Every structure is written in C-alpha cells, then in structure tokens.
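For clarity, chains are labelled A, B, C and D in written order, and residue numbers in each chain start from 1.
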Amino acid sequence: MTELCGVSLRGPVLNGSGTFDAIAARRAFGDALLERFPFDAFVSKTITLEPRQGNPPPRLWETPAGMINSIGLPNKGLEGFLASDLPELGRLPVPLVVSVMGFSREELAQLVAAVGERDEVSMLELNVSCPNVETGLIMGADPAETALAVERVRGETAKPLVVKLTPNATDPAAVAAAAEGAGANAVSLVNTLKGMALDPQSGEPWLGGRTGGVSGPAIRAIALEQVAAVASAVEIPVIGMGGISNGRQAADFIAAGATAVAIGTESFRDPAAGRRIAAELNDVSLSIGTPTTRSTPV
Amino acid sequence: MSEPRTLAPPERRVAVVSGVERIGAYCVITAHDGSGPRNPRPGQFYMLATEECWGGGSDERPYLPRAFSYARAYVEPDGVALSFLLEAIGPGTERLAALRPDEGLALVGPLGIGFRAPPDGFRPILVGGGIGAAPLLCLQEELDETTVLLGFRSAAHAQAAALFSGEPKVATDDGSVGQQALVSELLATELDADPGATVYACGPPAMLEAVRALCAERDVPAQLALESGMACGFGACFGCVVPTTDGYLRLCVDGPVLDADRLETVL
Amino acid sequence: MTELCGVSLRGPVLNGSGTFDAIAARRAFGDALLERFPFDAFVSKTITLEPRQGNPPPRLWETPAGMINSIGLPNKGLEGFLASDLPELGRLPVPLVVSVMGFSREELAQLVAAVGERDEVSMLELNVSCPNVETGLIMGADPAETALAVERVRGETAKPLVVKLTPNATDPAAVAAAAEGAGANAVSLVNTLKGMALDPQSGEPWLGGRTGGVSGPAIRAIALEQVAAVASAVEIPVIGMGGISNGRQAADFIAAGATAVAIGTESFRDPAAGRRIAAELNDVSLSIGTPTTRSTPV
Amino acid sequence: MSEPRTLAPPERRVAVVSGVERIGAYCVITAHDGSGPRNPRPGQFYMLATEECWGGGSDERPYLPRAFSYARAYVEPDGVALSFLLEAIGPGTERLAALRPDEGLALVGPLGIGFRAPPDGFRPILVGGGIGAAPLLCLQEELDETTVLLGFRSAAHAQAAALFSGEPKVATDDGSVGQQALVSELLATELDADPGATVYACGPPAMLEAVRALCAERDVPAQLALESGMACGFGACFGCVVPTTDGYLRLCVDGPVLDADRLETVL
C-alpha cells in the first residue's frame, strides 16, 4: 500500500503519461488487461482544451537504449475526452490521474476546473514540461512561470495537483520548489529530454516534428540525479521516472527520495512491465529494505 | 462482420526458436509459442525481440521490439508453431536472423486487425511485393482459389515464391525469374481479364500505391497491409500513425490492414 | 583539410578534453601512437590554477550505452602543466588546444594569459561547463555569466578561444550567442549531462563525488539537438560532440551545423576510434556528400 | 631494471576465440591473437569485449570493455594464444563466458605494468585468492621454484588449483578442499618457516590487505596485483585511481601491480 497525496494506491508503480493507452490496450488484450492491470494508478495521456491531431509522421526514432518521440500531444480535446474517454477510464480497477496542458494559464485553469469536478478523477497532473510544445518548455523550465501557473489553477480544484517537471532546465529543483510554494501537492519527473535525429539518406531531420523527446534507459542516470536533487529540495511527494526497466532500478529512485515511480518506455517492450517491476520492487524491498527515510544524495 | 482480431495476452512471453532457415535473400524463423493463442488471423503481427543480447548492434541498437506479420501458424499439441519471414536490413532483423534453435524469442501478439473475408462472389487476388509476401502465406491457406501475384527485386528474393502453393505468378525487376515487370503490371492484366476480383496486397509503399490507384480506377475492393515504424504495437505510443480519410490512424490498433479507399495515397 | 579558427587541421576529428591523455597513452602504446595519432588536433585535459588530486574513487559507473564519470579535474596545476606536460604535448604531430577552467574570472584570466603566450599552444578552450565543479555549472549555464567570463579573458590572448558549453542548461543556444558576442572564436558542445548512480548494496551514491557526468551514445541524440540549436544561433564554428562512435554519426553532427567533431568515450573502447571515425566520415562524405551549408533543423 | 611492460598496438583488434572451457565456478577463454605482441608480461592485462552483441544484457549493459589479466600466452606460428580465466559475475563477464569458438574477441593490450623479478636470493611465494589466481598462472611459468598458496570460496572454485603445476597449497572457506583457512594464514605459516621470501599476490581487497600487513610486519618484499573499475585501460579516463603514498595513481598505467609498501592499506 502506498499513499500519494491522500489517495491510497495498492502499490507505488504508475505509468508515465502518454506511454499507455488503456482504451487501445483493451482492444488489443481484452478484459485480461483489466484482470491483470499493470499499474497501481493510471495516468491519462495529456489532454488539451482543443482537439489536436499531433505531429506528422515519422514520430519515432530508436536511440541507443532509448528512443526519441515526436508525437505532439494528439488528443480529442477537453470535450471529447470528458464525453468519450473519461467514462471508460473511470472503469479501470485503479485510481485515475488526468494529465492536462494549457497553452496559457487561463486554458490550464479551464482544464483543471472541468476535469477536477469529475468523480472519476482522483488527481490531476499539470504537464508544463512537454518538449514538443513550446509553452511546455518555457513554463516548466522557469521557476517563476511555473509558480504563476500553479497559483492560477490552485483555486480551481480541491483535488491533488501533480506538477510534471521537465529535465530540460538548468535547475529542476528550483522549479519544483516554486511549484510546491504555489500549492502543488506533488511533483513528477522526468519528462523527456530534448533530442534530434537526422534521416540517414537526406541529412534532414527524421522526425515530422523536427525535434523530439528522448526516453528510456539512456536517460535513467540523468533522471535519477534530478529526482534526488528535487526530493531534497521539496517536502511534497516526488513521483520518479526516466528509463526504469526493472525493480532494482525502481528501488534506486525510491532510495533517491521518490514516493512512487512511473514506467514509460519499458511498457512498449512489455505491456506488463508495470506489474513485473512492482513485483521485483517488492522482492528488492524485502531483501534489502527500501530506505524509508530520504537518503537523498546530492 | 466482427473485425478479424485475435486478442493477445497482456504481457510479453518467450517462445522457443525451433528453426531458422534461409530462403534466398530471406530467412524464416519458426518458434514454439506455448502460451499464446493458436488462432492468429492473417494480417495480424507480433512484436519480436530476442530474449538475450537485444542490443549492442550497429549504432548500439536494437532496443525496441520489431513488428513482424506472422507468415504461418500451425497448431501443435502443446501450443502453436509461429513462422516469420524476414529480411535482415538493420540491427534488429540482423539479430533475429542470427537466432539459433532453442534460443528464446520474446514476443507480444497477435496484434492489430487482419484481412477481412472477400465479399461474396469476389475472386481473391493476393499481391505481394518483396517481404510483403509474408502475411499472404497464411492468407492463401485460409482462402480457396486465390490468384497469387508476387514481385521481387532479384532471383535470390524470388525464391520466397516457392513457399506458396499452386503457381504464383512472379515478376522480377531484373527479369531473372518470371516476367521482367512490376507486380502492379501483373495485377492490371488480371483485373482486365476479370473485374470481379478483390485484392489483398502487402509490400513497399510505391507498390501499394500503384495497387491502390489501379483498384480505385476500376472500383475493385482492396485491402492493403501497411507498415510504419512502431515502438509498442498496442496503441500505447501513438508513434505509428498513417494519414487516412479519417485523419491519422494508429496502424498497430486500427490496422495494419486497411481498406484501400480509406487512403488518399500510400506514399 | 579542415580550417578551424584560422588553424588548419588535417581533418575535422578532435578528442574531447579529458578523454585522452596522450602522455599516458604513449607509455602504453609507444611511438606507434605518434605514427598513427588518432586525432587531427589534440585537446588537453582541463587544467586549473592550483594542482588538484580529483575526486575520491569510485569515479566510474557504467550506464546503458554510456557511463558516468566523477573524475573531478585532477591536474598538476598551471605551473606543473607548463613545466612538465606542455613540452611533451608540444611534440605531438597535431595542433594543440589547451583546456582551462578557473574558479573565478581572475583565475581564468591568469590561466589564459599564461597558456596563451606559449608557442606550443594553437588554441585555448574555456571549460565553463564541467558538471563536477560548481562554478562550471553556474558560469556555463547562464548567458550573462558566460559573457562576463569571456569578456574578461578575451584581452589576455590573441589566440582563438573556444568556449565549451554545458548541456545542463535551459537554453544552450543563448549561452553560445552570449559567448560569441563576448568574443569567443568557437564553441564546443556537449559536455557531460549531470547524472547519478546508487550503490546496489547500500542505496547510497556510488561515486566518490556523489554525482557525475553522463557521456557516450546514450546522450548522442540530446547532443545533436543542442549542436543544431547552437549552430543556428551563432556564426562562429561549432565543435560537436556527444556519443559519437562512428563516421555516420559524425556526419550527422556536421549536417547539423558542426565544423568539427570531437570523440570522447568511444576512445575508451578503442584508442584508435578517432582515426577510424575520420576514415568512415570520409567515406560517408564521398558517398552522400557532407552538407556544406548548415541545414540546421530546429 | 626497466619496468615489465610490453607495449600494446594503439588500436582495438579482434582475436578469434578458439576455446571456452568451464573449470568449476570459472571459465577459461582462449583466443588467437594474430596481430598483437607475443610476449605480454605476467601481471599485464587486456581490455576485452565481444565483437558482436556487446550490450543488451542486464541493466542494458555491458557497454565499456572489461579488464582481464592474461592467464597464459602461448606463442603460435602465426600469433599468440591468449587465455583468460574469468568468473561470470555480471553482464560483461556473463557475455564473455557465453562466447563460442570462432566468435570475435575485441581486445586492447597488453596493458599496465606486470610483476617484477624477485630480488636475488629471495624465494617467490605466489598467493592467490579466488579469480586472483589468473595472473599467477603465467607468473609461475616464468619463475622457478615457486611456492603457490591459493584460497577459494568453495570446492567448485578450488578446481582452478589444478591449472597450476606442482602442488599448490589450497585453503577453502568451507574446508571442502585443502585446509579450512584463509590463504593469508597459509602465508603466515610459510613466512614463519622462511623469512627470506618475496610475495606475489592477487585477490580480493580483504585478502590483499591481510597479505600486505603480514609482509609489512616482517619486512618481506611484496608485489600486489590490484583491481579497480576501469573504462579505458590506457590512462585516458582517470577513472581507475587508487590511493597510494604518492597520492592517487591510475592503476591501468602505473599498475596494476604495485609494491606493497606504496600502499597504506588496500581497503
């Protein structure tokens, strides 16, 4: 049992936003997905106020021990999400976290208000860090900008607000502290690192979005350092992610100060990765005892 | 008609390689899947990776699993023997082609939506370009009285034609085997002879586009098995989209087989 | 032939500072090293005013397709370097670039003046980006700080000044532009990304320096994006590095706007990596033609 | 006396694996090196990696090459046969232990400074702990009238003792083979019997520290082959330092063999 912002979860393993579509996965795997659901809480893909079709393909590039994505936040928009996706996500066997991104504070406020009042929703995650959308980079990289955004939306819902941090910042710990000061209930990190690939033939950018975000084991050591730095800078819980592919690695993030972890890219390799990692984490904890105090090493 | 989709178990499992056979320029990998469904549908695919040493190849790849249509599935007492036809063109396919019997093949699948049955009274024509022949092998076994048209780059590639039953008509770019022609030219001739046909095609984009255009002109119903870069294969990453008349579709959950009339172009 | 800041090199492949010790390598490989020298210019390990013993071991941790180092800039200090190392480095068959780091602008100025007047030295590299030393992070992450540092030292030597940028910054392109504005003749990037590893047994930091810098193929896509962004923001030449392990990848950095490339971690796997990559780069250029114009894709 | 260091070619080369043999808990890999020097010096080491699939193991490693003392080097008409004794304890050694004949072994070496000859009239005692026996095998062949003392965890590990000529004295932690003792206890007995000895030791830190302390007390000259994590093996990364009386030394270029009196402690 894990307690996160007053919500009790059967365990500490979430999915990273945008790395698991429970609705599509149900089409591929059927009810077995719900019977053996991989995560202890489900985080939706980031939604925006207006519908978005996302970036033109190609959207993917494989890198050493990782990948670059340039998806561009395709989603049905607030209305479409509330009407068609939310009811189905509400029937998942675990608590629901909805990720939202606004291109202005007002938009963000509108999203938080509308999503926050729905009973299916346990928490909200503010994506101020998506490297594929200009605003994300600006808001999430700057402590003051982040504080203003959180302050603006704080009043719109009583539900826990998680701020998702970008690693593409000089000082993520300062951004986290600013979010905490403005009323965030938790922070999650890392989002993807900005990256690029060129077409082997033409030497031009491979990705339709020209640049994208790097994820996977390649970024794990970078993510772990940022999680440790952030955990030592804030009192609120930290959700750690970035390249986690087994329980031993998840235990490292918890030892670095995270209360929960999220699995992203590893789910692409194994749809049951979340469940497997939760079990491995359990064994690790039993064998060496997961540090409960934050032995945050920075 | 319910969509031709057999559900996959919601986790990666390990099948055991029973054979790796070279067929000209291609390679057939057969593995025993003890815990997956025994009835994948032609056109569905699996995400594959080797259990050991998946990584450390050229450019320090592969990392992600790779998508492969199954070419054949034979039910065995304790599972199913899955065969995949592949061409080694990069770090992932090279590693898979280097598999040896008894090594583990990690897989997720079957995934996606396969080929739909032909409309009543329509004669099925199967059109394959290169490695695109793979999903047509199991499809041919399910349909009766099919015409099979295959196009290959060279004689080494054309050896794969021998995997089909009956007498597939073969075209090669260099004329080393069958006619020196494009497989789409063979299709045009067939359709001229008998417009009451329906087309099932898989192959490189340029070939699929030629097939699409031909069938569109003649109002011949066609199903195309497309490809795109995939990271997950089950709708998680939104990476595999192709533009359709209904906007971007994730090929892994809404395809890989699409009705030709849903595409303005394949290119 | 490559021309870099008025210095002509037999080719575009350098070593990353601190990733090849020509003096130690000569002890291991003998004169064959000089006969088949791997690089077209040699960049020294960063030196400081005072001698440093560096960080306590362990200093290394292997990561997926990369590594973390926490070396801590061990060096003999300015005097020791000028007296014992410089003469030997001056006998290398290629032009010499000396990397310097100061813990204050005055220190930096002293280093630049003393090193700049030595005939063995063709160029100087200002390391304002080493993630293992506090100042590095601060100076190199902030455009204004960087400008002040470059302005202060610019008058101390007429020789070309290369500013080595850190990737641990919100906007490396802005830092590069600031360096250019202050009189830098070139910029080089990326230095290592801040990272951390925990001891599998204790859950405490593995590295003696607690955190370290991530290098190798794992960071290549991140480096390539920053090189492209920087190249499109400045007119001065860019030396691109970060995870390059073959000629195809080196060609990508050049296509992204780099005039030269540097090899770091790959030299640990193969001491001749620089030579091999230069040859491969040649073949790639011949086969597809290296883009000469900056098709900088950001 | 010039330092016992045979120079390495300044590039990575590929040797061809000729044999992989299990010896209890260990594994002996022999490879034919056609272009390297034929006379490495005992105590020198090579940086090894497999030519194919170096990566994709546990934790998505290995990536860097791994350091191994050569255990034996036999000159052959067209090169030299190098043998390495290794224990599979992680992704790198596991991949190396999985090598098969004819696979490529990428290597750089010989590297570092080996063992120096014994001072005149001193009787050499070779002390090995576990895998630390490796460099003592070639050392024994170079010296005459050596006493060999070996300590192992278990009987499975102790099988490596058979690789030595003569009658090495063996101690095991569990007493399953030889005496139930620490190898340092065997050494103490030897030194009590004959102080006019010089010690060559390789093994885990705790054992080396016990040896160092014993020899220091008795003023017995000792050379210790140490280990530390290495990325490059030729002085490039400054990662392999150990603290000595002259400050931090890079073990790969100033070692791995060090005179015991240069260390305050091995731990």
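Quick note on the criterion: contacts are C-beta pairs under 8 Å (C-beta built on N, C-alpha and C of every residue); 3 or more make two chains touch, one makes a residue touch a chain.
Everything numeric here is computed off the predicted structure, so don't read it as measured data.
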item: Touching chain B and also chain C, the following chains; value: A, D
item: Chain of greatest Cα-centre distance to chain B; value: D
item: Chain pair, A-D or C-D, that carries the greater number of C-beta contacts; value: C-D
item: Where chain A and chain D are represented by their mean Cα positions, the distance between them in whole Å; value: 47
item: Approximate Å spacing (C-alpha centroids) for the pair chain B, chain D; value: 53
item: Chain C-chain D separation of Cα centroids, rounded to whole Å; value: 34
item: Cα-centroid distance, chain A relative to chain C, in whole angstrom; value: 34
item: Contacts with two or more other chains, residues of chain A listed in rising order; value: 63-66, 216-217, 248
item: Numbers and ranges of chain D residues touching at least 2 other chains; value: 55, 59-60, 62-63
item: Graph class of chain-chain contacts, one of line, ring, star, complete, other; value: complete
item: Of chain A, residues touching chain D in the complex; value: 65, 217, 245-246, 248-249
item: Chain C residues touching chain D - in the complex, by the definition given at the top; value: 18-21, 23-25, 27-30, 32-33, 36, 38, 45, 53-54, 56-60, 62-67, 69, 71, 74, 216-217, 265, 267-272, 275-276
item: Complex contact set, residues of chain D against chain A; value: 55, 59-60
item: Residue ranges of chain A touching chain C (in the complex, touch as defined); value: 61, 63-66, 68, 141-142, 168-170, 193-198, 200-201, 203-205, 210-211, 214, 216-222, 224-226, 228, 243, 248, 251-252, 255-256, 288, 291, 295, 297-298
item: Residues on chain D engaged by chain B in the complex (per definition of touch); value: 52-57, 60, 62-63, 95, 98
